[in-house]
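See structure below.
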Amino acid sequence: MSDKDPAVILDSAKAWWSTAIIDMKPGSIRFAGFPVEQLIGAVSFPQMIWLMVRGTMPTPQEGALLEAALVSAVDHGPQAPSIAISRMSVTCGLPLNGAMASAINVLDDVHGGAGEQCMELYADIARRMDEGHALDAAIEAGLDAFIAARGKIISGFGHRFHPVDPRAPRLLALVDEARKQGVVNGRFADIGRGVEASLADRKGRGIPMNIDGATAVIYAELGFAPPLGRGLFILSRSVGILAHAWEQTQQGGRIKGPMPRDIPYTYTGPAPRDYPGTASGEATP
Amino acid sequence: MSDKDPAVILDSAKAWWSTAIIDMKPGSIRFAGFPVEQLIGAVSFPQMIWLMVRGTMPTPQEGALLEAALVSAVDHGPQAPSIAISRMSVTCGLPLNGAMASAINVLDDVHGGAGEQCMELYADIARRMDEGHALDAAIEAGLDAFIAARGKIISGFGHRFHPVDPRAPRLLALVDEARKQGVVNGRFADIGRGVEASLADRKGRGIPMNIDGATAVIYAELGFAPPLGRGLFILSRSVGILAHAWEQTQQGGRIKGPMPRDIPYTYTGPAPRDYPGTASGEATP
Amino acid sequence: MSDKDPAVILDSAKAWWSTAIIDMKPGSIRFAGFPVEQLIGAVSFPQMIWLMVRGTMPTPQEGALLEAALVSAVDHGPQAPSIAISRMSVTCGLPLNGAMASAINVLDDVHGGAGEQCMELYADIARRMDEGHALDAAIEAGLDAFIAARGKIISGFGHRFHPVDPRAPRLLALVDEARKQGVVNGRFADIGRGVEASLADRKGRGIPMNIDGATAVIYAELGFAPPLGRGLFILSRSVGILAHAWEQTQQGGRIKGPMPRDIPYTYTGPAPRDYPGTASGEATP
Amino acid sequence: MSDKDPAVILDSAKAWWSTAIIDMKPGSIRFAGFPVEQLIGAVSFPQMIWLMVRGTMPTPQEGALLEAALVSAVDHGPQAPSIAISRMSVTCGLPLNGAMASAINVLDDVHGGAGEQCMELYADIARRMDEGHALDAAIEAGLDAFIAARGKIISGFGHRFHPVDPRAPRLLALVDEARKQGVVNGRFADIGRGVEASLADRKGRGIPMNIDGATAVIYAELGFAPPLGRGLFILSRSVGILAHAWEQTQQGGRIKGPMPRDIPYTYTGPAPRDYPGTASGEATP
């Protein structure tokens, strides 16, 4: 299939899988150069998450701010599709890994992408400020561009269940505290609050920042790329997905559908009819 | 939580799941109105697929053309990511459903979307013809628009392994035959061949139609919407995914990685270093 | 990492992925030795499925019996967890491949394994007959062993919705027909009907064969291994999963949960309480 | 479909989804009774994980021991099937959620179940001690039962790559420290070390405890049920799965297979042959 020298092919095979994340030798595992046994017990789980996805070790203060965001988003109840899927999966016979996989899979653009989209909005506004625009002007231009590209729902603001999302003000208070301590510079907190104010002006009523908007502030303050906003949300929500899968395991049940069977679904298709060449009540000869 | 009348809430619950695909009563199952027992043994599996996704029953000739496309795309070998994933999954302990799920999941835009994208290109060219443009002009404008939106790789044409994809000419020959018999009108066969000719002109060398371009001709001739191009491809490739999962089950193996362990991966990150506050060889106190 | 000769390592790499299913060279694709372009248009999709998972080409009559089983199991409505998951997934932003993956994943032991389990029961009874036991004695012993291992629910018999599953008698009629024509020998039809009769005796009421019991008869008659009973069911039910995902795509909706929001879930945990060190209404300092 | 009173059906619908994990009202989210805004910034992410899966809040010391275990298991390199799948998935077009889903799915019995199996072994030994057996006798009986049920590979001991897994001694040292401080009672550390000693005796060479055996000690000391051993491992390994998916996103690549294409796979099936009724080089008429 190839006339190349075996040693050359082998070198390309060695290079096929390459990574800066982990280095292993028999008896040795290092992450970004650090021996794993030195990290265990010395760094927090959020610090380890940061090290893994970015290759640098955050300060404990940065790790703590990340931790607050991770704690905040673990669950929003069993009627969210991801959680319902996790629970239904268990009743179909799946172990926890399978239930978590089917559930995490649906944390896609609509159900899991709001934080990432909000980070992109914030980043776009920040870029406009870097180009010399004032905060307010950058916000207006950023919002206009977002709406033109994505429509009128602004990811990270408003909630169909909570008039005010109780997680957002608490997260912002922690950002303010971190800003005072010099952990972050507060630029994205300003941008986020500015977007909230602009939306209230535009709509004539409050569209308060929700958890996605608040975690987006934190992740942006800490320097994460927008797609990692989705990734970090998944790590957080995985906790709820696991908890509900495990609770359903303990509740039991077999092949649990979305609603009790006493509530039928609605059929909207063609009326009963015979298939040509066959007669009602008789099978095809 | 709600002050509505229970009967009203219940009605909205009944309407929550609504479908024109299937109607069931105890002892009765109907698809698009037809009793299932009249369909079993009377229609082909491809006809049933068509009925399910479109709500209409194709003629046997239409079913046969769909069948040829489904037969053609079942597999492209164990080094395609989807197939490799299916086989690796089995060695991790997954049953066939889990292996198939992990594999089918990756039939996304890049690995499973070429047929859909090619159908969109063909549909765009057909729209331009409907607006009065000649075939050649519509093809040039359609290709220009496709390249502007998606870049220079034209989905459905060219293959990195096969100089000529052996499946494409055979599928097109079947379309020609179906056209002679009045099963299809041949419009998309003309469009597909026209795109192939234009690409050869543009590049100065042949970029022959591949299986995605040829199945796109068939699915478009038969009136399927572009997203169903992806859906039908998945039904077809699922056969290969199952076959390889099953073969791997019989071969055995535990936790089979992508390459034999004698071929190491390449580490490209920071050199070994101690984590501050800990000493090499000693654990954190 | 290894001191072996590159050529030796390379040979083990070549052997790492090995298959009897497909052979490819540039311009050539063969399944079990047959060129793909000779199969396209010449064999049915069910024949191709058979060739892929078993390596042999069935007769058209064998293919037709397999086809009837594949047609019969495509869907059982939107309140089955797999179908509900497929539809919910689409409203979370997943394309068809992702929706199908999350749904197929749950076709595990409980929701997708009944056919496989029933084939194992039939195979166990057949083994007892091969050892010299009469049909009736083999059935009683086989049922006793099944119940001891798996409990009182006999996979393939009884249905919580249908008093008589309309698919089963039709499928058995097709097996009888195939037996008359010498396509199958009817041994597993006898076993299946014998199990049904024994269950009626044991329970004092009919526990009629359902679709899983009937397709298990067909798959066993045709010589498929029990795990492929699950695999073939997945290929069949994937059609319904795709059809419902596509219908939901057309219906639209965002983040569709299992029930309408007017129906709240029930909370059964601890009453409201403050977290120690924090005061109600105030955030942690 | 039902003649029941709408209010009665509605009540059963409300009870269909029930949970002790989360209680929500507009503007309020409580976990096990605690308002989320009091937990954010006050508890660690590992403490939150514990609260979610068990309904109780651990002490900071318990949280810290759990944290060490979560940090330890994040990754074992790109040639583990789960990590390879995550990376390959990205090159097929999947976003991070999809890549993580396909990868997490394979953390099944073989690739993700060792910790759970080891916890079951430890729990079985503890039960024997509760029944009055001495530690050594309980270990021998527990090991014999495990081997009889599962074969000679003892989950949690030995490693095919590391002569000594560097994570295990560090984790055990942390358990010893926690025992001195009264955080745990050390029973499972004794059991784990006893199993290691017994295996060395039985085999005549060391089969040292690996990461799964060591995290199993921690999870068992902290009172987690065995299936949660798998669940916690998934939360930990999800970090590596995310990190590698993100690194691959940045590396780019399209449809990355398991090995470079210069290394062909091995075909082991039938030799080339014509399909009956068709001629080589010619398509079926």
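Which chain is which? They are A, B, C and D, in the order written, and residues in each are numbered from 1.
The rule is simple: contacts are C-beta pairs under 8 Å (C-beta built on N, C-alpha and C of every residue); 3 or more make two chains touch, one makes a residue touch a chain.
This is a predicted model, so every value here is computed, not measured.
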Shared interface partners, meaning chains that touch chain A and chain B: C, D
Greatest separation from chain A - chain, by CA centre: C
Intercentroid distance (Cα basis), chain C paired with chain B, Å: 21
Distance from the mean Cα position of chain D to that of chain B, given in whole angstrom: 32
Centroid spacing, where centroids are CA-atom means, of chain C and chain D in whole angstrom: 26
Residue list for chain B, restricted to those that touch at least two other chains: 9-10, 13, 16-22, 24, 35, 37, 39-41, 43, 77-79, 84, 94, 98, 101-102, 105-109, 112-113, 161, 169-170, 258-259, 263-265, 283
Chain contact graph, described as a line, ring, star, complete graph or other shape: complete
Residues of chain C defined as touching chain D within the complex: 10, 13-24, 30, 32-35, 37-43, 55, 57, 94, 98, 101-102, 105, 258-259, 263-275, 277-278, 280, 283-284
Complex contacts: residues of chain D adjacent to chain A: 1-2, 4, 9, 12-13, 16-22, 24, 26-29, 31, 35-37, 39-41, 43-46, 48-49, 52-53, 64, 67-68, 70-72, 74-79, 84, 87, 95-98, 100-102, 104-109, 112-113, 161-164, 166-167, 169-171, 174, 227-228, 230-231, 234-235, 238-240, 242-247, 249, 251, 259-260, 262-264
Chain D-facing residues of chain B, complex: 5-7, 9-10, 13, 77-82, 84-85, 88-89, 91-94, 98, 101-103, 105-113, 161, 169-170, 173, 254-259, 261, 265, 283
